[in-house]
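Sharing a structure, written as structure tokens. Questions coming.
Chain nomenclature is as follows: A, B, C, D, E and F, assigned in order of appearance, with residue numbering initiated at 1 for each chain independently.
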């Protein structure tokens, strides 16, 4: 259950409206990496999360992002105001001016309607946390760029507030992933094919007209990797010997989400049972409060 | 410049077509976490990348994903074949059967046309690498689930091949990010607000009808975090003292992308100049080859 | 600022999961007339609303819809569970099963990602209230139809709860519109062209193969209307004498939103000034509390 | 069957092209509240309508909106013409200029392709009429705003013509809804839960930094409503006692559409039979003409 | 101006409803190659067409497609009817059943909302006619496949009618293109680079696991083409010598659309003037009738 | 399998960046008729093509278009560069500047994300070739218009290169279609209804306010057509006598794709068998190489 308190989480004030900057700011209201995307990604992941502790985390941050949506919306609304009756301002975004009456809408800086295609929700908590870490990094860089395009102090301070919170969330999601105590390249319950997983494939070779060449780097040789050249370039190519998947071979965590699939064998069943037992226990502990 | 060799990177064979499984597999052809999404995300990031070494990495993997698109397409086509003239099979996906003639299309398992809204491309290489690590984790779990829904050995082996490569790529992207030698929570050039960045905000409280409660975890107290209760629940709330953004305060890497924004001050200029000098040098070194 | 309390607004329980019904229910989670659409439409209208009283109404109901989103999400999640490991259940919605891990997603019953194109937000409160009345009627009929497709008592009762609230909201939005004391056909500040506005145009004539003919009804002759036949059918056609728009001729309300447009003349200016004065007064009254 | 007569329903002429205003006008050609949206919404509702009289109304107005699409298209085309060979004009909308050759396209003022997601079609005539009343109000306000952004007399007069027709249609749809003689809050065949339906829930409380507070209004206390405070704020919350839906309890009209759902009981069956009988009679009456 | 006559262009009757076939048929109502797409593509091309004769053609066929939309809609509606109250039928398309009340909607067979992204409208009549010829071929094959999935005679005959009309239109569009008397590979006003235009580039080589090899065919050697091997495979590659575009070098037709671009030189101006003169003459000839 | 060579197919250089022209160029990167659309349309058609020779053609050209995507991307990136730190440049496309960091993205010139809805893929090779001929004509005209909006020599030459290739491809697709030796109006396996197929229907009549009238042209009377007036205008209308589809009546080619549909009778079966035999023979011939 949600409750709304009219006080904004952060007080926004601007010296004078800059409607073209307001249009830029829409990126963080109805854009791909904006506050609604964050709020929805974390909250829906939370609804689906089987681990009550990480579910709490997801709901905490999902809810804070809703409060941010309101803050950035208030800031944008101040900047867009001239679109109501200045022809030149209105030309910069007629969708906002004419269809939206000069108010904020769930669109990005080029007028694209917000879509749930922006969201990354897999229902596997260890995977979702990685998506969230990346999402926070993206939101951080977008806020930083917006700061770089305005000199209005009130706007810069509001954006600094919002930008800061992304780093807080990035830390929290990282902590949550680390606390699962899985090896960083373990995902799910099936190990990758030995040998093949170590082969870095050199899919792009040669040299461009602008001096870019076929570099070597740690990504060719650390974390167990080694370089393989393509058959097309006379190399051996990848090891393509058929290999049967073996559910249950990957290292898992006690807080992993249930595996999905009818044919995951015992590995799938065991994790599901463990999760059910955990949930039953949580519900039992909670009973007096219910 | 691209070249196509007719030989598939991995030979696919199936024992008998399973059109409903073919429909599931479309998730990895034209779906949100599928091979086209991977190919396009990395290749377009590569086109934009200012660091020639990591650009090579992005083009290597982007190109390999194109080869995977072809492999998974060949696999799907074998499974979809009955949609051509079996009424019941056609009912499972009339868009494929009737409009597409029973072949693969750039749609997901529910017939949604592929859209570039799936992609995460910011032009900041350290951010893009995080998006790619998360993308590989998602692709891995989706392949694993597909394995869990078929008993056809040929299909399982092909999916195991493709799934394995996602982990290889995840390692490579991780190595590339690590090799930038930035602190893991440093993004861009502006530090978050001190103090505020450490405050974990408890946005969701209480207990549900199903036993879920307000948990504590490392995400409330590690990586410098500590818990703050909302004003709504009688807490102090976040520290909302205004704070001016200070471009140039964040730790950067010699391979950081250029900052974006007219008002990033010296920090922006210096990084841009460093990048230009690096590119000029690369072009000069390459001159005889051009 | 939003706060989340883990307790659902309505306790949902089902006797046994029905994944195909769960898929139907997605219509009210991520569908065109669903709870997210309602929450976003009213909340964003609220952000933009210049009348503090009706803004409060919009935020009240927008927030309640967020709580409904959570309720319907919990209900759906219970029904979808078999998609995790039952092949036949997974076939009904592979996007949910494979990509989403069997959890809820912001998609409708056919897997279409939620889009802000569903929303109707004009920034004119009297118009927005009409859109909301219609939206509630649509949500009511959709809930009723969902009730008509399940015999599970727990599901039916939960849907009855949610359906009831739509009628409550419909009453509230109607009251808010009535309290503006505008004639029901007055919108904005420019009167329609006299004469022309009374002409009902008979654009479809004749008789179909199935007995449908060119009916007469109150819509041809009440509310001042009278029927005009098309020139194509030998009629006089509409009165197309040019007529200049006259801003300020339409009946307005003291709580009308500001008109939009550079060339609205005095009418626009006067309403804007009245609105500014009202807002300043509200802020002043509130000062001690700020 | 449709027929097209080359004469425009309203003669448009402009003094000189204003390509940026032409771009604004696209809102009413391929935009969310534009003429294609209106034409399609009413015409498809008409195709589905079981009541032959209101079906005629829907086809009359749906067809008129097609004629309006043509009028507004002709007006826009005149304004866009400079995009063909003036670089600055083309910059305002390169999609129109470069891809569309400077002609009109089914896009809105920000280049978004028209989508059927804009439409509201439920197949329940009493609900659809409410959606149409709201749609006409939106179209009216958008035309008014367009008038407010041009001083070209020919354009203003054409927009006044189109704007006027929206009010005509709003009256006609209102008359059609009233003539169904249903109580204004009766939708479908299931009554909302008594008691619960009267509770207005105060989901947003407190006071903002800008003077907005927790107002009371007729929407809290008229039409049978009374205010309930949230548990979160120490209130009693909504009445959540489980209540079984009772199909057949809501007041219906002899021209209601058939209810939808396998488990609507006798109520559903009776209305369906009544509708079938009506249709059979209409077909019989029409026989000599067939 | 449009007029609607209630009589369908073709009388549809079915023996018994087949809701899954009805869902398939939606492909031709709200699908990518369906009747709305055809109607809108030709009608909007018509609105923009500067040649009055071909404009008439585009409006003739665009209008006929609207009549087809109505026919196919009536056919679908008959087949979808069981979705109203049969649970199993409703499961096949809950968007139609629950949200749409079992009626037709502007969606395709997998529930995707119709979008103007399906349309191909360039404003160059010689190009648009090619798009239309291809569109008719696509619609023909889709109708044929629908015929292949039903044994209901009434449905088959209705589809045969609609399918036939596509071939009629294909002939008419072909005649219109031929009558422009342009060489078949002449498009616009700029000739392709001599030499380079003759080089067929062999971008895909080798042999697949399934016996597909690097074939030769007339497409490598007729219409002036000859094969060039890629540098990647040791070939000479394409001739990449820089070549300046020369507006005015391509063969044009007296009924070509005006060229687009600020820098098309005399070629652009001359065609524009010719077009203006033609339009002025047409208007003059028509004066007595106006 | 794909391989990437870093050298661009065509060397691009510009004299100075023109960010608003860069934005226009996005039309050919992520736009409806751009290089990704071409690459994907031909490559996916190729994946599905049953005729190995034409499959080779589709893969040749599909791959070349990927190389063009890279060329046009490099050109655009040069032009967009000022968006990184010039406020005015950034205003022209904030999605590129702020979200994309000033690099290219898979969007068109108005910021619309690329979507597979742009593609025309039917799985019938004779139909797909027609779609490709039209696609090349569209791409040609768009390149020509882009040339018309810049005076930068480097850009014009690069666009001339890309434009030229479209005509090369148009010739190749035409040759491939001609080599199938089907009559130009034969599509699929079912003949259109005799008589009806010859009737050109005059759906748009009369005269407009601007001098456009009801023209006659070769499209009314060549290729076997003759004009029929609508019943609405007192004509005889189309011949609507029911006619049963007869699969197997249309002239086919030995390289036709398999027909689709359960009820295509012997015609369907024979073509499928012929295709299977051809594929088996191809695989056999290729065996030693496998």
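The rule we apply is simple: a contact is a pair of C-beta atoms (placed from the backbone, for glycine too) under 8 Å apart; a residue touches a chain by one contact, two chains touch by 3 or more.
Everything numeric here is computed off the predicted structure, so don't read it as measured data.
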Distance-maximising chain from chain B - centres being C-alpha averages: D
Interface sides of chain C and chain D: same vs different residues, half threshold: same
Chain B and chain C: spacing of chain centres that average the CA atoms, whole Å: 35
Chain centre separation in whole Å, for chain D relative to chain B (CA means): 39
Between chain F and chain B, distance of the C-alpha-averaged centres to the nearest whole Å: 30
Residues of chain C touching at least two other chains: 1-9, 11, 32-33, 56, 59-60, 62-63, 67, 85, 87, 90, 97-99, 101, 107, 110-113, 115, 117, 122, 124, 141-142, 145-146, 148-149, 203-204, 207-209, 212-214, 231-232, 260-262, 264, 268
Residue ranges of chain D in contact with chain A within the complex: 20, 23-24, 27, 31-33, 92, 108-112, 141-142, 145-146, 148-149, 203-209, 212-214, 230-233
For the chain E and chain D complex, residues of the former touching the latter: 1-9, 30, 36, 40, 44, 47-48, 56, 59-60, 62-63, 66-67, 70, 73-74, 77, 84-87, 90, 97-107, 113-117, 119, 121-124, 257-258, 260-262, 264, 268, 272
Complex interface listing, chain D residues touching chain C: 3, 5, 7, 9-11, 32-33, 52-57, 59-64, 67, 115, 117-118, 120, 122, 124, 126-127, 130-131, 133-134, 137-138, 140-142, 144-151, 153, 156-157, 159-161, 163-168, 170-176, 178-179, 184-185, 187-190, 192-193, 196-204, 207-215, 217-220, 222-225, 231-232, 237-238, 240, 242-245, 247, 259-264, 268, 279, 282-287, 289-290
Parts of chain F lying in touch with chain A, wherever the complex brings them together: 1-8, 11, 85, 87, 90-91, 93-95, 97-99, 101, 107, 110-113
